[in-house]
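Chains: A, B, C, D and E, in written order; residue numbering restarts at 1 for each.
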Amino acid sequence: MSGANALAILPLLIVAGAAVVAMVAIAIHRSHIVTAGIALAGCAVAFGCIWIAAKQAPRQVASLLVIDAYALFYFGLILAAGIAFVVLAYDYLRTCESGRDEMYILMLVATLGAMVLAAGNHWVSLFLGLELLSVSLYGMIAYLHTRPLPIEAGIKYLVLASVSVAFLLFGIALLYTALGTMDLPRTAALLNSGAPYDRALVVPGLALVITGLGFKLGVAPFHLWTPDIYQGAPAPVAGYIATVSKGAIFAVLLRYFYATGAHGFTPIFVVFFIISLSSMIAGNVLALLQRNVKRMLAYSSIAHLGYMLVAFLAGGALGPAAVTFYLAAYFVTMLGALGVISALSTRGQELEILDDYRGLFWRRPAIAAVFTAMLFSLAGIPLTAGFIGKFYLIAAGASGALWTLVIALVVMSGIGLFYYLRVVIAMFSGANMSRASEPRIQIAPGAVLAVLMVLLFWLGVLPQALLRLVRAAVAGLV
Amino acid sequence: MMLACLLIILGAGALAAMVAARWRPAACRSIALAAVLADLGIMLGIWVRGGGTRAVDLAWIGQFGIHFRLEIDGLSLLLLLLTFLLGAIAVLASWREITRSVGFFHCNLLLTLAGIAGVFLARDLFLFYFAWELMLVPTYFLIAVWGQQKRGPAAVKYFLFTQIGGLLMLVAILSLYFIHHRETGVYTFSYPELLGTALAPATEMWIMLGFFIGFAVKLPALGLHSWLPDAQMEAPTAANLTGLMLEVGAYGMLRFLLPLFPRAARSFAPVAMAVGVAGILYGAMLAFSQNDFKRLLAYGSVSHLGFVLLGIFVKNNLALQGALVLMIAQGLSVGGLFVVAGVLRERIETSDLARMGGLWTTVPRLSGSGLLFALALLGLPGLGDFVGEFLVLLGTWQRSIPAAVFAALGGIAAAIYALRLVQAAFHGPNEYNWRFADLVPREGLAVGAMVAILLWLGLYPQPVIATFQPVARALQNMQTAALSGLQAKPPVPPRFARR
Amino acid sequence: MIRDALALAAILFGLGLVGVLVRRNILFVLMSVEVMLSGAALAFIAAGARWGQPDGQVVFLFILAMAAAEVSVGLALLLALYHQYNTLDTNVASRMKG
Amino acid sequence: MLIAFYIAGGVAVAATILMLLQLNAVHALLCLVVSLLALAIVFYTLGAPFAAVLEGIVYAGAIMVLFIFVMMLLNLGRAAVRTEKLWQPRGAWIGPVILALVLDGEFVYLLDRGAPAGHAPPPIGPIPVGISLFTTYLTGVELVSMLLLGAIVAAYRLGWRRRERAAPEAELECVEEVWGVPQ
Amino acid sequence: MLFLLWLVPAAPFFGAVLLLLFGSRWPRKLVALVGAASIAVAAAAAGGIAARFLIAPPPGHALTLHLWTWFSTGGFHPEVALYLDPLSLVMILVVTFVAFLIHVYSIGFMAGDAGYSRFFAYMNLFVGSMVTLVLAGDLLLLYLGWEGVGLCSYLLIGFWYRDPANGRAARKAFILTRVGDTAFTIGILLLFHALGTLEIPQMLARAPAVWAPGSGFAMAAAALLLGGAVGKSAQLPLQTWLPDAMAGPTPVSALIHAATMVTAGVYLIARMHLLFALAPKVQMAVAIVGAATLLLAGCSAFVQTDIKRVLAYSTMSQIGYMFLALGVGAWPAAIFHFMTHAFFKALLFLGAGMVIHALRGEHDIFRMGGLRPVLPSAYWTFLIAGCSLAGLPIVTAGFYSKDWIIASAAGNTALWVAALVGALLTSLYIYRLIFLVFFGPRHMPVAVKPGLAMVIPAWVLAVLSIGGGFGRAHFAALVTQAAVGAESSALTSGLASLAFLAGLVLAWAWWKRAAVARPAPTFVERFWYAGWGFDWLYDRLFVRPAMSAAAIGRGDFIDGFYRGIARWFGAASRALSRTESGNLRWYAAAIAAGTALFLAIAVFL
């Protein structure tokens, strides 16, 4: 491996190294703060190394990975989310049991997986990245393994993820059978060259790949696991799943499907169309009467991925940029929302029932304001990142003339308001000035939430900088 | 920069109110009042000077061709004046009504006003949509936090309706944006540039419908009105006056719908007019059957805004002028009644008409002003609403005699519900033995100002009409230009014809 | 033969799926998942054989490793589940719903 | 070769079906081992001797042993068989089987349309596999190592039980309060 | 002097504004002073203007005083302009003068009332509006006055607002007249679009040029104006509000519901008589409406038991005369009758007011009786007014005006007969009333004697009721600006006198019998009593359907539609959330099923 390659994948190396270092550190001496520090430093340094890697970009590394602007952009997102996660998880686990340190190793491995996904340029790297992510997530979800719900969530996620990966593998096998290569550029070249290929195998193979990816994204009809896992997993982990896991998979979706132009194949288009439409409907409808806030956020994430698929399908000049921007906004928002839940939990007891939030604004105005902002962003209200994101999605949909989906997006996100506002209403209801039962927000998660909130508004009002980045990132995709 | 100042003052006032509440709740009322009055003063100054403010145009999100572009003309000016006036009255009316988290309240109130002002000033479609949506949130809070018992659902209903309508409008805006790009190769949301974008008839109709729904929800046109009664009933007075200001919907139609889609607006006009007329009658009928003061008013507004919708789509000078005068007058007359309802609610903690009655003896001044506003509402000549309604009718007659006749019948219905309101609240026996204070000077000032302006509008509306006249004429010219262009244009789009 | 191998893979895959869908015992479910994975592995072997490339076998190796990883975590979870719920029944482990 | 392929394939399918029908977990596991071994032969007939060997050693051997360990830990007896019987009424099979048949039907249909018939391919021995593994897929190997690391940590964490030891007062209290009676 | 015309409406308005703003804090005397004085100023101004007008008439015997342009847009420039010609001159004179008298009277009548200042404020507002109506040079300004008087009528009928019945009566009055007003509005729209202006002189000048006689638009316009007029003047079919309007204080009934406002319809048609001349059929309809109302109301008046309701029906009946006159084109006769009617009918109400005041609010004429000795001024003035109403030949004003109308109607036998029968009826019911109230045994003690404030205006009006009828030829010449005299014929006059006499005798006979034993009302009497069942009919036809429609509509079925959607979404949410069973195998099955579906799409599409 040449030095240039090493530099290019420096962020990956650092994250992997941090995992190992963390394990060694644990072996020497268990200290929560040290392990968390190592993870934080790992993510932060890796984040910093993005700029070093950027000097090498675009660069194909050892046939499996490609380091280009697109991958680096997602590295940035993933690592930033990782940093936020570490802080939130540190606060979350602080009051919990001993044996808190493994979380960070798992998280680093998962982050590595997500980065591999973002940089993957080969069907095998897709599979491996997915597995890295999944296996670590099993552990993270069921982390509080002395309680029933996390275990239940872990089991469900494990079995379903395995089944879906099996589908994915079978799909890749079909593609390989048809094309004789698992390399993405070559696959793309074959599919785009106009040379004859075995379409009867390729398209079903892609359909199976969609199953695998669709499961991870939690889009209908593969969405059923989402609420259970969000509910069972610790809040920071739920945030991690909602953002890093789904974001990385979406990165894959964009790169692999745009490269091959597969989203334009009629059957594939129809499949995504159905997925998008049914996700928007199912997610929003399911969330309507949900009284558990974490489950509600899970359903809403189903819907949001449905929205993103609209722009994904629209393609064109706007599609990938819209999706990528939306993802960034979604990272901020979802981390913020679940971060609030995380920051409000003590000893693993989370504030998840709607009634718990009644009058929160009067007791803890700051945190309630953050949560409100996050919910408004999810709802796509101006001044928040979600607004620009949704604007971009609709713009992409409109430019692609996907009117059915755009109208569905509009109507469904209107209906979606209902459940976001319900939480807001609860927080602002009743002038119950009684002493807060919620814990005082610690400085670290408070800072993270503050940063997220600033980002939320910054992206909502002055998105130019991020837009420029996003456009540069996706420029090489199509 | 004067125009940006309007928004900055409100925004700064909102922040200051929030901060001031920390140490003295009373201070934020004064801050809010000062901010609104400052804006009102600026607008009055501009009006007296006869315009002449420079437009503001700053690049905002360059990637999309989005500009921060503010401009003012007669239409914007009048509605801004109304907005700030109602805003000031809202502050006055909330003086005692709001006791809980006063700072946050005034913050929301000022932000609402900023949103509305943004809507009236924006000349960039994105900025307009941004302000349009932004206006929702603080209003939502005003209702959801300071409303009555069922405030939660009402606030959500309000938000849902407006948001869905708004999003449909966004889709329409974007379609226009892309079509404009296809035509010219320029990505821009700028209003002047988008004017005159050549559209295929079917496309124009669809896009126009998107705008129409967005505005019609806010107006509200019949069929899309069902959020209004709940919202008005539950909202605090300040939100009744500002956040739930229906003029923005009508403004949108005048500013965007007619100029951008003249041909579609023309072919759609019969439908819109029918909706307007039906709204007049249906709203009046429902207003009559309501038992709640504010709910009755809400349906009364539906009826009134039916006139406005009718006037807008009739589109001749008379009707447009009528629609504008009626917009302002209805803001004041219905607004005045909301102030009355608010005062009553603050004193007797209900707006249920069955719980009122015979209040005249106890509070003659309040009752008298209530009567006067109700008379304005039913279109008594000499008060503002009459001028508007009559002009609309006069204009409508040119387009459609049946529409004018049915709309005129709305006058009978208005008399029925307005008088029912007056008699149920102020006349009859005082069964519950209410004894409470009449209008205090602060409230009297607010009510008196509204009465005076209504009278002025009723007896000498010429300044308003003259201010709006250039805009109305421009609108008509645009219509005629577009329509003559339609006849002159060959069926093939010009792009191909040129080659 | 390649086609038949793929068909066999599909059949095994389907059988594994049936196991996942039918069996309530989590142990059987995990075993069925193994069957599904080996079905997929077989497909890769067949595909590799078709093109005369080693890549199929390489992926098989990866699948093998991944299966081992899955099983180890899965069994650990299974034990934890047994301790929590005193059963291996997946029907019982359905407290979260709605 | 061809005959061996079909026989082994038949055995694999049969053993898998048997596995599915078993009530006793150990019996099922044995069926699975048979199925996997048969699969190893299939691999061999497909010209993948290295994969065949690994299938036998790692899959049928190592991984299955894991299962055995767990079964021993759980100490499932006859009672387990009885409950297993209760859990698996006939009706439960219908839906899944139909679903699987549909899926398989689609597979077979698409393979029939698309897949090359092909003949017994030339074997690819360990050497090209190894070369490929450590050149093209080197990154993959590294990633698999990380995967195993993650799996180990996860399994370690999940298998970790709190032993009785003198914990700080606060922590004990915390644990009891939150999780009730210690396991 | 003539430029002071603006003072005529302005003074009452100013008084009203003062009273509305400060009246509640002022002492009663000041309130009364401001109230009456503002009208006095108006009356004085009117008088001065009249003198000036008669001495030195302006060119064309008409004068337009432009105050300001109301607004101006799109070719529509309604002016706030006062138009003075002989017709409006007569009107303002009568209106301001009678109003002044009634104001003075009210000072006494309303003395003990809590809403003293409110009363005078409304009354002043009324006078201002009425004068505006009359002087308006623009149809839109006329409409302003028109609605203004309607409003004041509403406010004053419901003056004693604590009794819901008064409120209902007021609302009924307002809404019924509003029905007519809507027709009027539509008429204005039509007129503007046809004639391009609403300035009355111009309109009237243009109308014959634009429309041929009998043309459809002219008919429609005239018919719509007639609609407005019947509403305001309580003619068929919008007459039912007037009897109920008697719920207001008696001076109100005298001023608004007898002397002035109810004759606004007459004024409107007289003002627009050129237009009506272009629509002969509508003009005929005016006459028929008048005749029918005249007879119907006369019959009803005969069987009423409430003193004010008798007078109310009488008013309707007399306005019927005026309509009759308008219908046959004799608008000067109508205006002349308006004038005499204003005098004697106001006087009748003032007399009735004195009686009611004296009997502490008693309205039932069968409980009165024998008041002649105790209330001499009331008796004498009432008698004079009654005679004038019934048309005591030669000496009373009513005789001359009515005679003129009957003579004008001679061209159409049916109308002429109706007019004569009407005269008989008039005489019959008014003498029945007089006998019942002032003759025979006394049933109730008299509590209060009317004060000077009440008596003096009555006597002034009594003088006018007698003397107001002379010089009708001059009157005709003045208002028409032509040398046409008032029509009259010996036959008509004789028959009218006969009718008067017959009525008197019959009433005497009836009273003699009724004084012995009050017979049970027959069906016809009950029918008449109920105003020919119009209330019943309208209740069934309009009120109840509207009420039930409102009751049904209360829930807002459009809102119901959205509620239905919301419910549907709720149900869908519940149904879908059943898929979230928490069961692992079910989830896996969903994945498999989804894959099967997508694979099928991939394979077969």
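Just so we're on the same page, a residue touches a chain if its C-beta (ideal position, glycine included) is under 8 Å from a C-beta of that chain, and two chains touch if they have at least 3 such contacts.
As the structure is a prediction and not an experimental result, all values here were calculated from the model.
Asks: For chain A and chain B, which third chains touch each of them?
Replies: Where chain A and chain B share a partner, that partner set is E.
Asks: Of the chains shown, whose Cα centre falls closest to the middle of all protein Cα atoms?
Replies: Smallest centre-to-centre distance to the global C-alpha mean: chain B.
Asks: What are the two chains with the most C-beta pairs touching?
Replies: After counting contacts between each pair of chains, the winner is C-D.
Asks: Compared with chain C, which chain's mean CA position is the farthest off?
Replies: E
Asks: Work out the mean Cα position per chain and let me know which chain is farthest from chain A.
Replies: E
Asks: Where the CA atoms of chain A average out and where those of chain E average out, how many Å apart are those spots?
Replies: 77
Asks: For chain B and chain D, what's the span in angstrom between their mean Cα positions?
Replies: A distance of 67 Å separates the two centres.
Asks: Between chain B and chain E, what's the gap in Å when you average each chain's C-alpha atoms?
Replies: 38
Asks: Cα centroid separation between chain A and chain D, in whole Å?
Replies: 29
Asks: Where in chain A do residues touch at least two different other chains?
Replies: As it turns out, chain A has residues touching two or more other chains at 124, 128, 131, 135, 138-139, 142, 145-147, 154-156, 159, 163, 177, 200, 204, 227-228, 290, 415.
Asks: For chain E, which residues are shared contacts with two or more other chains?
Replies: In chain E, 577, 580, 582, 584, 588-589, 592-593, 595, 599, 602-603 touch at least two other chains.
Asks: Two or more other chains in contact with one residue: find those residues in chain C.
Replies: 2, 6, 10, 13, 16-17, 20-24, 29-30, 41, 46, 48, 50, 53, 55-56, 58, 62, 66, 69-70, 73, 77-78, 80, 90-91, 93-98
Asks: If I apply the definition of touch given earlier, which pairs of chains qualify?
Replies: A-B, A-C, A-D, A-E, B-E, C-D, C-E, D-E
Asks: Given the complex with chain E, which residues does chain D contribute to the contact?
Replies: Chain D reaches chain E through residues 95-96, 99-100, 102-103, 106-107, 109-110, 113.
Asks: Which stretch or stretches of chain C touch chain E in the complex?
Replies: 17, 20-24, 29, 90-91, 93-98
Asks: Which residues of chain B touch chain E in the complex?
Replies: 222-223, 225-226, 229, 282, 285-286, 288-290, 316-318, 321, 358, 360-361, 364, 368, 375, 380-382, 386-387, 390-391, 393-395, 397-398, 404-405, 408-409, 411-412, 415-416, 419-420, 423, 426-430, 459-462, 465, 469, 472
Asks: Spell out the part of chain D that touches chain C in their complex, as residue ranges.
Replies: It is residues 2, 5-6, 9, 12-13, 16-17, 19-20, 25, 28-29, 32, 35-36, 39, 42-43, 46-48, 50-51, 54-55, 58-59, 62-63, 66-67, 69-71, 73-74, 83-84, 87-88, 92-93, 95-97, 99-101, 103-104, 107-108, 111-112, 115-122, 124, 128-129, 131-133, 136-137, 140, 144, 147-148, 150-152, 154-156, 158-159, 161, 183 of chain D that touch chain C.
Asks: Show which residues of chain A lie in contact with chain B when the two form their complex.
Replies: On the chain A side, the touching residues are 362, 376, 379, 381-383, 387-388, 391, 394-395, 398-399, 406-407, 410-411, 413-415, 417-418, 421-422, 424-425, 428-429, 431, 462-464, 467-468, 471.
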